[in-house]
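There are structures below to look over.
Shared between the two complexes below is chain A, which pairs with chain B and chain C, respectively.
Right, the complex of A and B next:
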């Protein structure tokens, strides 16, 4: 069964759906981590609801509402999101209150909104959508897991258009903690990898419409050692095994860094001029692949300014987080 | 009492994150729930926590809540009578 991306909407350090045009320029690095250029949420979300929402929820709800509007849909058949760390602001707020008030006198809002499924739940509430809503939280393959699940659901009966997305937020506190861990790979490089955040939503459908952006060719997630130093080109061959024709992509959008073990193989296979390192634009976060997918669809549609790549036909997205997980997604213009 | 009412307005705005509302926008006799500020049941829980935290007042009988939370005037009166 063929699947299609019929809409895409994102809030990222490059800008949001509210901007007239988005340029592929390196965001400001002064803060030490990338933050989103957010839209005016009052244009999308009722003021009375907005006051209780953290940035995480605002990004998720506004991104979803815009994505549905782009697709011309009022209700999706399901809402499936991925997040690595969930609602950090509310979680930190709740934990701080627990600590300061000796586990008493806790404010209900931060508690209620500190669960990972808050985004899907809030989107469903706002839309009045009684269909399935679910959240995948699988570290740096959270979005990929959500997308894989969406693909499987669309292969079954009763589903036509599913809203799928990835969201993660960064706060000064979480950045402080992340910096002390091995969550972000550290490199001696001109543009070292920095933490980031973002929200990207898509309508994945088993029906092609006049709004279709691209065909979804496949997704593959793999965990464990995928390179063998005694077997040159092993990762490159691995890609072909996972997704047919993956190696014929016009563009590789990768989350790997030149210092990563697999990067030389990718460089040799695709050539540097066909590689776009997406984390230079959004930073490292668990659901950054959702940004990469949005980037791929925008490039295929020719919507991004300042890109050295003009309207690729076939795009392969590869991501690698701090752990041993790799993922591949392929989309083709149609 | 007037000083307490003004303090309550500031505290409610902060606690309930009432964006774009200033203490001057809140009339002490206006209803807090439904019309007026349009607060809801989650806000009621937030106010219960606020009363306990800031004024040491624990509302034992929840049925009284509707009466107490009617307006800034009724809240201030209840705090004045029950403050520890």
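Right, the complex of A and C next:
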């Protein structure tokens, strides 16, 4: 069964769906981590609801609403999200209250909004959508798990258009902690990896429409540690075994950095001029693959300014991050 | 709406660590004798110790560590969730008879609502604790990665986090992996530790009972929190045949819907729960009358039990099958609850036993539903298990005997 991306909507350090055009320029690095250029949420979310929502929930709800409207859909057949760290603002807020008030007289709002499925639940609530609704949280393959589940649902009866997305937020406190650990791989490089955040939502469908952005050719998630030992020095060959024709892509969008073990092989296989290192634009976060997918669809559609790659036909997305797993996603213009 | 191609999802092993026992047979013994695991807090360091009873797993982390055959050294830091999971999964793989090689290729689908929160909150409130190890163990997905490392599982792993229905959704994802030919063997379940975060969270919502919880009773006044880990080995027919594995029963029906009513409360007409049960029955190709026992969500809150009761009446009418809430014995283990109750459902089915609950005196007036209060032998072909959660999540699973299913 052929599957298609019929809409894509992102909020990222490059800008949001509200911007008339987005340029592929390195975002400001002054803060030491990337933050999203957020839209004016009042245009998509009721002001009364907005007051209680964290950045995480706002990005997810606004991104979803915009994505559905781009696809011309009132309700998706399912809502499937991925997040590595969930609602950090609300989680930290409740932890702080608990400590400061010695476990007494706590306001429940932060707790109620702290579960990882708050975003998908809020989207369902806003849309009155009673269909399947789930959230994955598996570090750097949280979004990939959601996309895999979406693909499997679309193979079943009765599913046509599914809303799938990835969301992670950064807070000054979470950045402070993460930056002291090896959660962000540290390199000596012209653009060292920095932490980031973002939300990107898609309509994946088994029906091609006039709004179709690209065909979805496949997704593969695998344990990098295994790959290294079972396929020594042949990561690039391994790619072809996971997704047919993956190695023939005109563009590789990768989350690897030149100092990563697999990077030299990718560079040799694709050539530096066919590689786009997406974390230079969104930063490192667990669901950054969703940003990379949005980037791929925008490039295929010719919507991005300032890109040295113009309208690629076949794009391979590769990511690795905080966990042992790597992922591959392939999309093709159609 | 149903899943794709209905290849059977065989269950070949179960493992559990719960407040009522450290393995499946101990849990079954407690279940049939109505022996509760809920009591005074022993291990969690909280100001609420004397106030709220909980269903604690009766072991300190040090004792869990030794039960899991591990030792903690600098640089090796295990959360309670990881320890309980490793113990439960060891039991499940031993029962399924998986070899080391077979285990290596398994997929792992875990579920949790708070993951490593117990370590996070401990470090957070003890500023003298300067190690940042908890930054690594905090993410929900870290439990799954740690389990894989410790048990030598090298396949795909992921984690569902949909609050109190997480465990059920993990089993659904696992079933789809098998039906879509992505995995032949999946270890799936869920885990949640008791922690200050959830104890204080549910207290702030004022839905914790200071007495033992009384699900589906007219005097019910809230839930007791619980904890634990439950995992099942799910296999395709191909895998079962190739290794000659014994099939205990099958996962034949599943559904996930959303109540779309409120972030934390259930709708008055139980719409999401009604849809979950009807769609799960449809996916299994069953009529309501074929269900022999329901393991209800039954938290003991005013809201849940009324809403779930109304939904059950809508699905089953006057002929409601025998049902009970095993949370009356275990407490509510949140992200692990559905996984613990999946194991209990399998135990009920394979032992042809209706599991009793305790704490019941008088039915909820609006629904008049009376749960099973004594363990009863009954020929069971199909058992249904409900799990609902924050964010409007409603999930239903159906387990069937291998010869009792048409699929």
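The definition used in the following text is that the second predicted complex is superposed on the first by the 323 of 334 C-alpha atoms of A that agree within 3 Å, B and C clash if a C-alpha of one lies under 4 Å from a C-alpha of the other, contacts with A are read in each partner's own complex, and residues count from 1 in each chain.
Going forward, a residue touches a chain if its C-beta (ideal position, glycine included) is under 8 Å from a C-beta of that chain, and two chains touch if they have at least 3 such contacts.
On a predicted model such as this, the values are computed, not experimentally measured, just so you know.
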Clash or fit (per the criteria above) of chain B with chain C on chain A:
fit
With the two complexes superposed on chain A, say which partner A:212 touches: chain B (first), chain C (second), both, or neither.
neither
Angle at chain A between chain B and chain C, C-alpha centres, nearest 10 degrees:
70
Determine, under the contact definition given at the top, whether A:135 touches first (chain B), second (chain C), both, or neither.
second
For A:324, select first, second, both or neither according to whether it touches chain B, chain C, the two together, or no partner.
second
Please work out whether A:77 is in contact with chain B alone, chain C alone, both, or neither, and reply first, second, both or neither.
second
Which partner, chain B or chain C, touches more chain A residues
C
By the touch definition at the top of the document, which applies to A:149: first (chain B), second (chain C), both, or neither?
second
First (chain B), second (chain C), both or neither: which does A:107 touch?
both
Between chain B and chain C, whom does A:50 touch in the aligned arrangement: first, second, both, or neither?
first
So after superposition, what is the minimum Cα distance from chain B to chain C, given in Å?
8
Output the chain A positions appearing in both contact lists, the one against chain B and the one against chain C.
106-108, 112
Provide the residue numbers of chain A that touch chain C in the complex, in ascending order.
77, 79, 83-86, 91, 94-95, 98-99, 102-104, 106-108, 111-118, 120-122, 124-125, 127-139, 141-142, 145, 148-149, 152-153, 155-159, 177-178, 180-181, 183, 221-223, 225-226, 286, 322-325
Which residues, counting only chain C, touch chain A once they are in their complex?
1-5, 46-48, 113, 115, 120-121, 124-125, 132, 135-136, 138-142, 144-145, 154-163, 169, 173, 176-177, 179-180, 182, 196-197, 200-201, 203-205, 255-264, 271-272, 275, 389-393
Per the touch rule above, chain A residues touching chain B in the complex are 47-48, 50-52, 101, 105-109, 112
Any idea which chain B residues touch chain A in the complex?
15-20, 38, 42, 45-46, 49, 52-53
